[in-house]
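Take a look at the structure below.
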Amino acid sequence: MSTSLLEAKVVRKDFGGVTAVDDVSFTIQPQQITALIGPNGAGKSTMLNMVSGLIKPTSGHIYWKGQEITQQSTHAIARLGIARTFQNVQLFGNMTALENVMVGRHIHSKGNLFTAMTRLGRIGAEEEKVRRDALHYLEMLGLTDFAATNAEDLPFGHQRLLEIARALATEPILLLLDEAASGLSTHEKQDLVKLIFRIRDTGVTIFMVDHDMELVMGISDALVVLDHGEKIAEGTPMEIQRNPRVIAAYLGEEPPNA
Amino acid sequence: MDTGEIVFMDQLPDILQTLVFGLAQGGIYALIAVGFTIIFSSTEIVNFAHGEFVMIGALVSYWLIMVLGWPIYLAIPVAMAVAMAVGIVLGWVLMRPLKESSPVSLIIITIGSSMLLQGIASMIWGKDPVNVRSFSTVESLSIQLPIMQSGTQQPALLIVETQQLWILGIALVVVTALSLFFKYTLVGKAMRAVAANRHGAKLTGINVSRLVYGAFAMAAAIGALAGAAIAPLSSGFYNMGTMLGMKGFSAAIVGGLGNFPGSIIAGLLLGVMEKFGAGYISSAYKDAFAFIIILAVLIISPRGILAFRKRGKS
Amino acid sequence: MKRFIASPLFAALCGLLAIILIPECVANNYQLGVLIFIGIYTLLAVGLNLLMGYAGQVSLGHAAFFGIGAYTSGILTTQTHISPWLAILIGIIITSGVALLVGIPCLRLKGHYLAMATLGFGWIVYIVINNWKSVTQGSSGITNIPNLSIGPFQFSSDISRYYLVWGIVIIVLLLSANLVQSRVGRALRALHRSEDAAASLGVNIAWYKISVFVLSAAYASLAGSLYAHTVNYISPAPFGFIGSVEIVVMVVVGGMASIWGALIGASSITLLVEWLRALGQQNPKFQEFEIIAHGAILIIVMIFMPMGLTVGIRDSILRFFQRMQKKLAVAAKEKEQVTK
């Protein structure tokens, strides 16, 4: 237990009278790919938003390396080493691809209002370094040619990649991917799988939310299955595939002996 | 202990008098607040030009009644129709960029429209305030109170202007009519559906843009009615809508945007508090009152208001 | 060299040259006066553009900060005889403090609600200025505000004031241009588009919103103090709701998220207002045109160029060139195929 990177303990989220996440617990082990799956409306994105601090749980606790982060603000959680992408890609459309990734370097640079305005201190050198680092992440995702393109003018597949590049630029320990495969072509999905392995191989832990069973089964080390806000199963892909409650949830039937 | 009571009895006629003035003023704020609410709940636009509907109502009715000599029962519907036409044009202008534009651009468009309308009004009617005669030929009623005027043996008098009664009557009728409209008519129900879920409403085949025009027309007509009703009490002028609009808006916020009974109560309350504030605290700062209320409500319970927004959106 | 030409410093040097040369072409003191006003309004527009154009936070009460700066300068220098420079500094400190107090609760609000809150704040300040007669002299205003001076030299002539104001404007523009091309500027633009995404990258959005709000209030305060010390007289009129809207118009016309656009917006609106005023003096019928023109400009620009005039025009020129380039490329290809 103490080896887990992130742990959610009986986390609950109510919206008005509706319970989106119903006392869910799970752990994320370091260096692994963990996936949170479930049918539409199962509460996956809500869970992810709670991990990244965008919404606060109604009750329950979230621990990062044993420290409680439940009530921490999003930017503080980001500084701990948790980065994310968004289901409906949230790029800064008014900025170039390069500038988007440069924002990803925010926590690794220091310039403040005063030094930025006066260019005092080593702000010029820092800026140069931020630019170089950002270019490195663009290159890593094969986006170098689009560095000067406005983010909103990129084709959709590239937008998804740019969002991953931007998240990686924060040098995360844990990367949260929210439906990263949705809207991609089969070919692009294959590339995404390779990319996810590559990221994992650099030592980044991955927690992904997806409803594409096939994709998730192929790549993840551990799975958590949600249905109607409740955790119905947890385990390796093999175990999950055979779990009758999971099958029922996906086929919309009652489990035979429940 | 006794003296306190006597002082209170002495001041009672004054207090009642202030109350009457406050309620009448509040009735106007309530009518304006209702208009804000109608437009906000169907479009999520805070219409900064809403006060101009009030101004149009006041000045058009002035022109028809005092210059052309029309009877009031004919002049007011025409003034309302003019405001409705302006409202529909404004709705049309706002609907064009509505789909993707930010609140900032919409705010600026409504402010621009407000300035444009004020400029046009000052070209037509000039900048000097104009007076309109009150709806009834009897201008005021004196009511004998069952208490004595302080220091004398004469009964205290409460003076009620008939126009104030008109305002309260109109506010009552409008609110009742609106409640019935939103509860029982198909169009009213559709408008509520759009407010609750714009996208969903579209899917069920409701013609959203026509409803938006309807909302603008309705709000404009109510605003113009308020303007025609207040003009005999406080005269009409080209930029009267700015302050009245702000007060109406603050009532709408206090009442909870989208909540009709709330708007009415808040409007009346604001009018009464303002008159008492002016009478007993400081008349110089009476206009600051509405804005302090806006700030206080926004700052203290942004969550309540934001919660409403979310409900309206998703 | 190429890099130097693209840098804000080069632009600033060009601006400096223009500022030195312009008075040579200007015929009279009236025109110099208009240029001074353009400078002061440029400061206001740059500040509001940082807040509105870059960070995406509306303020409909910016003239209040302008007013607090002007009145702090006016009151302190007429009643206590402290140095006007010190008064400017105190003005900036007071205004920043007020902005901090107002900003912390208000900036939690979004869109319309933020607009309403700042508008309410603006009205309150305006009403206080009008009614706190023992301090502000109410609508009759404060007269005999002293000039700024350096040693024995007084900035009393129009030409010296012109150089003073524009010297400050150039410095502020340079600082602002530096700001937007930095880590902080990127954070502001990022939170404008998506607060969630910016926060998820470690940007403390509340802190940046407050910082830029206070900064833009400080700019407005500086502009107000300069106004007080160059006109030598202040009354409540420029600091009301219409004043706030005017600054918004300048930002919108000049172009959202454009430092140099603020300069263009301030110049074009100030000139337009002066022109309409001159027309009004010739023919009273035109007096209402000022407000009508204002309104119409706002509506038209917002509908057709929501990013503002300069950005809108720049984009359409760019699009034109891109189309030309494409045509040329196609033509070249066809030629190639023909020769093959």
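By letter and in written order, the chains are A, B and C; residue numbering begins at 1 in each of them.
Criterion: contacts are C-beta pairs under 8 Å (C-beta built on N, C-alpha and C of every residue); 3 or more make two chains touch, one makes a residue touch a chain.
All figures in this text were calculated on a predicted structure; none of them were measured in a lab.
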| item | value |
| --- | --- |
| Category of the chain touch graph - line, ring, star, complete, other | line |
| Chain whose Cα centroid lies nearest the overall Cα centroid | C |
| Longest centre-to-centre distance from chain A, chain (CA-based) | B |
| Whole-Å gap between the CA centroids of chain A and chain C | 40 |
| Averaged-CA centre spacing for the pair chain B and chain A, given as whole angstrom | 49 |
| Computed distance of Cα centres, chain C from chain B, in Å | 34 |
| Chain C - residues contacting chain B, complex | 52, 56, 58, 60, 105-106, 108-113, 115-117, 119-121, 123-124, 127-128, 130-131, 241, 245, 248, 252, 285, 288-292, 294-299, 302-303, 306 |
| Chain C-touching residues of chain A, taken from the complex the two chains share | 52-54, 73-75, 78-79, 83-84, 86, 90-95, 99, 102-107, 109-113, 116-119, 123, 126-127, 130, 166-167, 170 |
| Interfacial residue positions of chain B with respect to chain C in the complex | 44-46, 93, 96-97, 101-105, 107-109, 111-120, 122-123, 242, 246, 249-250, 253, 282, 284-285, 287-288, 291-292, 294-295, 298-299, 302, 305-306 |
| Footprint of chain A on chain C - complex, ascending | 175-176, 178-179, 182-187, 189-190, 192-194, 196-205, 211, 215, 257 |
